[in-house]
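Sharing a structure here in structure tokens format.
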Amino acid sequence: MISAAIVGGTGYTGIELIRLLSAHTEVSIDLLTSRSEAGTRADEIFPSLRGVSDLVFSDLDDKTLSTLQQCDVVFFATPHGVAMRQAEALTQAGVKVIDLAADFRLQSLSDFEHWYQQPHTCPDLLKTAVYGLPELNRDKLANASVVGNPGCYPTTAILGLKPIIELQNQQAIRLIEPRIVIDAKSGVSGAGRQASLALNYAETTDNFKAYGVTGHRHLPEIEQGIAQLLNSQFTHRVRFLPHLIPMIRGMFSSIHMELTEAGKDIDWQKEFEASYLSEAFVDVMPSGIYPDTRSVRASNRLRIAVHQDNERAELTALVVQDNLVKGAAGQAVQNMNIMFGLNETLGLNFAPIVP
Amino acid sequence: MISAAIVGGTGYTGIELIRLLSAHTEVSIDLLTSRSEAGTRADEIFPSLRGVSDLVFSDLDDKTLSTLQQCDVVFFATPHGVAMRQAEALTQAGVKVIDLAADFRLQSLSDFEHWYQQPHTCPDLLKTAVYGLPELNRDKLANASVVGNPGCYPTTAILGLKPIIELQNQQAIRLIEPRIVIDAKSGVSGAGRQASLALNYAETTDNFKAYGVTGHRHLPEIEQGIAQLLNSQFTHRVRFLPHLIPMIRGMFSSIHMELTEAGKDIDWQKEFEASYLSEAFVDVMPSGIYPDTRSVRASNRLRIAVHQDNERAELTALVVQDNLVKGAAGQAVQNMNIMFGLNETLGLNFAPIVP
Amino acid sequence: MISAAIVGGTGYTGIELIRLLSAHTEVSIDLLTSRSEAGTRADEIFPSLRGVSDLVFSDLDDKTLSTLQQCDVVFFATPHGVAMRQAEALTQAGVKVIDLAADFRLQSLSDFEHWYQQPHTCPDLLKTAVYGLPELNRDKLANASVVGNPGCYPTTAILGLKPIIELQNQQAIRLIEPRIVIDAKSGVSGAGRQASLALNYAETTDNFKAYGVTGHRHLPEIEQGIAQLLNSQFTHRVRFLPHLIPMIRGMFSSIHMELTEAGKDIDWQKEFEASYLSEAFVDVMPSGIYPDTRSVRASNRLRIAVHQDNERAELTALVVQDNLVKGAAGQAVQNMNIMFGLNETLGLNFAPIVP
Amino acid sequence: MISAAIVGGTGYTGIELIRLLSAHTEVSIDLLTSRSEAGTRADEIFPSLRGVSDLVFSDLDDKTLSTLQQCDVVFFATPHGVAMRQAEALTQAGVKVIDLAADFRLQSLSDFEHWYQQPHTCPDLLKTAVYGLPELNRDKLANASVVGNPGCYPTTAILGLKPIIELQNQQAIRLIEPRIVIDAKSGVSGAGRQASLALNYAETTDNFKAYGVTGHRHLPEIEQGIAQLLNSQFTHRVRFLPHLIPMIRGMFSSIHMELTEAGKDIDWQKEFEASYLSEAFVDVMPSGIYPDTRSVRASNRLRIAVHQDNERAELTALVVQDNLVKGAAGQAVQNMNIMFGLNETLGLNFAPIVP
């Protein structure tokens, strides 16, 4: 059994990790920490865990830190800036680290420091960290000791663009125009488990709005995905605008692109299907069928539909996922499976919840 | 024009008062106060008021207090315990006071102090205060200087029981058995405008629960309504259990009663219709038609359906209202209309919002 | 492997059965039928099943009927009146039948015919049918050939009353007064997967109402549960009133009882805990903790909280479940496990989905 | 008093018209028609109208048609294709016609027939019809006898683009690049009041999806708005993609544009504010403040926020409205006010409902 710890288990990604790992046949959660809830049983805070887990939150003190070093893997479901303070000691002790926050997502120090407004405490380790998007980094992940689990929006954006950028590289000609508009929408759980007037039910329900209009931290991550991860030979200008949907889970990204003449010659449905043929968790919808967020609710699947209109030179990719699963905890478990040589789908192969 | 002030205008009852009074042809809101938002325009906090009101929140300082004394009426949309500290000075200055909190609801000092955990600062004034339920206290309200605006649940409970208790008194015989079960449900706005994890969208949506299981502050108010307001000759034991509905506005009270043999001889549909024949804001639904909360959304109407089953000795009253209007701000305006000799429906005669 | 068939798989209980049985290690779904969708893949109607199931709906023709007879168990997720037409042929062929509709719930023919407005086509088989509430009928279920899966409301009502009625029988004295008020609330999925104006999103959302005010088909089933299933020595008069909650899944039953003097001497928390000590799917909440519906979302758990107030002679049981799982498909699988001698929790031991 | 009739009053725009016109001081609704509900009181179908309106639905028979001809104005809240069959007789009788469907929106016959799949029955009348967008056609509306009330999406799109296209014309140079992406989202009430599985609560709630991906009828209307209504000197290619938000009312359009070098020299906040300075129902939000749909709920206001990022050459306009008010019934009343020389805001100057 893999001995796992979850640091910061009181948020929505935390409880989702507990839910997934509790059902994972090859993992035991041996440690669960929380500053605010030290000494409390997890199922007191989350009654849904009654009968599922009898774990008790530990404080993140020295004793806990040394216990962490005896685990095989530590998941950080903490705010930005926590994992990077522990990662070095853990990796030196041979413990694998998966950070669900942003500490190891951006390769560029200046980008990290600009967008997260803090210095990075382990730049050397950052160089060795792997961006945890299995569909692109599977091989690197197999030997990774530190993994930066992708942001929820970038997961949809990068996987929605992958077949296009890759084919563009391969053909060495622009297939879409430089400007890409990503109009994205997320359920409220993405804002985290916190007391906040803006997240109050009566403020959020029967309401819809944009946020991060002037710039969102996931934009540089998407740009990095296109430039480095997908090694785009061509530059693209991305407009990324997130919105808040009055629903708990689910993310919907509408990616608007303009086809070049060369791009019109491609059968994009065929290309997308080919690109993800062997992927267990990426589902390309049949031509003419468009996804809704509930079709992936509480599952690790991400679904993509592509719509091509040569007359109007339009290419649209619609991408849905559960922001807490493929967009966070599920992808972290998928990364863990790869890092430990397990079947990538282990503990993740369950059906979405509909209705 | 009636010069009105609203103390504590940043909550949901506050903004509802601003909405209603801004459209009231006989009232001008001359002062709006808030400790937390002093100096801020109301429409900065509530963009829905852009173009409706250009009021700015004042702090509740001495200057404001003296300005308050020049108003005709002051509405307190504040937490419990605020109005009673200002009421004496205001009434002495000839200002009428309408408290939307609980300071002047309970006539019994010991009940108030037991349920609200604080001493009452003006017990003498409390003796003169009128319970602001127009359908029962219209005459007293006409000359009231201090009005305790009813709680939302008690409004539904007392109006749902009025025809029964009154007829029981009149016939001087029990028509229903002593035990009354009031299973009540409220939308989330009833919990107020506050940052709270329990009220976070992702905690509240697609979820339903009871609260106040061990006792709710509205119970003594309901009991007072039966005993004093309705002068019941017979004692009744009320079980009051509130629940939280995942919706913004609306309250639904299911009142379960058991008919005595004498009670079976009554045509309760007829009695309810007769009891509320002349009431503008109480609608008795036709026999066999049952109300839903949206049928009163954003309006001052309260609807009642009564179901009688002599075979099973069951009498059920179903009562709906908008907790923020008839259950709070609308009833306060209705009280104000009466206190100032205006047409009781002035500024309140608008249709519910459906869908 | 157990060979299972699902008749009528296009409703919400149907897709829930597909979801549960697809993950069940001892079952293979060998046949799925639907009159309306014959020839269509299940994952075309429910894209959430893409990658989960490649089943195709068959029409319920003679060929299918003969195939059914080669299965080990047939689940009927059909309207009332369908299962009873097939059950005799199936049981004669040695196939076990689990009906999720009402054909085999009520033992009394006259009750069935009064409430479901149709004659029963196999009264003899009805005599041998077992009411599929494992916590009460485990032994009978082990040898049952036809099981009537309980209604969702009766499941909460009967399990919420079980410890009380049983102790009352044991002590041979009334512990609660004869009248029981069950004020129940259900999510909209309970109304089924159908085109209906009343179920239109804009009609249902941000709205709350009662239904079945004059009588609901689950009432006789609850009364049967008390009288026959729990063999109550004392008669009880049940007022059952269901309401519709604007949420997808979940059921909340508030059971209001009045304690007798003898009933006040009981420690009901202790009694409830003892009564369900060995039950995997019934969770008695700790004293003072009250359940919400999301704490069982998409799981087979049912949670009960009991509140005792001797001063007011009140006993309240609050019961929550997922109406589609413990209230329907999950309980059906639990029954199947018992009928085939499997571990009762097999395929059902997953955590609720929160948030 | 203006004598008004509403043809087809059983839909959501119909009840909204009844709500608005019932409160309008210069209008009396003298006739209400419905094929399906002839003979029924409106408040039987919409209990929210109890005490508001005692109108009874008439069938659309010859008698009704002749009565229609005695009204001053007839509102058609009917499916596409109904108004054009009655309009000629009505206008000949001197009755003004306001169609809330699409019969008089598109000036191009071929566009109408392509997108609505039916021949137009009164092409000559169509030539004289005025597109009912007051902010652009106020003068023409003053003398119009037939008005095509705009679609909800086009209202947001055209008003969101107006200041840009107009300035571009004025300066005779491209300020934005040809390609415009309009990513729009609507509440479910926009789909109308109908029994539909796709609109079933359990299918729509906690879910988000795109629709009309391959082309939506509002696209040609938006293109017409840019080309004819705004007389754009420059061609623009519009990608219009609508989505369904799990909420009842409200529409949010995110308009993504790319600035040219000339466009970067413009202070767009200033231009938008100047453009709508005198408009009662168009509110340009202060710089840096972004709108949410609830800020216009149940009101006739439309709010726009503009975001300019010269570094990234991005111009974004965010537009919100209530799809049933400014997007339908409210705009129809605004048009009526203009057509009859009344104050444009009469009966429309009420505050949004928040929360």
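Should a chain be cited, it is by its letter among A, B, C and D, assigned in written order, with residues numbered from 1 in that chain.
One rule holds for everything that comes next: a contact is a pair of C-beta atoms (placed from the backbone, for glycine too) under 8 Å apart; a residue touches a chain by one contact, two chains touch by 3 or more.
For clarity, every value in this text was computed on a predicted model and none was experimentally measured.
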item: Cα superposition of chain C on its sequence copy chain D - rotation in ° rounded to nearest 5; value: 180
item: Per Cα centroids, the chain farthest from chain A; value: B
item: Which of A-C and A-B has more C-beta pairs touching across its chains; value: A-C
item: Inter-centroid spacing, chain B versus chain A (mean Cα positions, whole Å); value: 47
item: Chain A-chain D separation of Cα centroids, rounded to whole Å; value: 39
item: Euclidean distance of C-alpha centroids - chain A vs chain C, Å; value: 37
item: Per-residue multi-chain contacts in chain A, two or more chains; value: 12, 187, 189, 193, 202-203, 205-206, 246-249, 291-292, 294, 297, 355
item: Chain A contact footprint on chain B (complex, rising order); value: 12, 187-189, 193-197, 199-206, 246-248
item: Chain D-facing residues of chain A, complex; value: 177, 179, 181, 183, 185, 187, 202-203, 205-211, 213-214, 237, 239, 241, 243, 245-250, 252, 254, 256, 258, 288, 290-294, 297, 305, 307, 309, 312-314, 316, 318, 355
item: Complex contacts: residues of chain C adjacent to chain A; value: 12, 15, 18-19, 22-23, 46-52, 189, 193, 205-206, 248-249, 280, 283, 285, 289, 291-292, 294-299, 301, 303, 324, 350-355
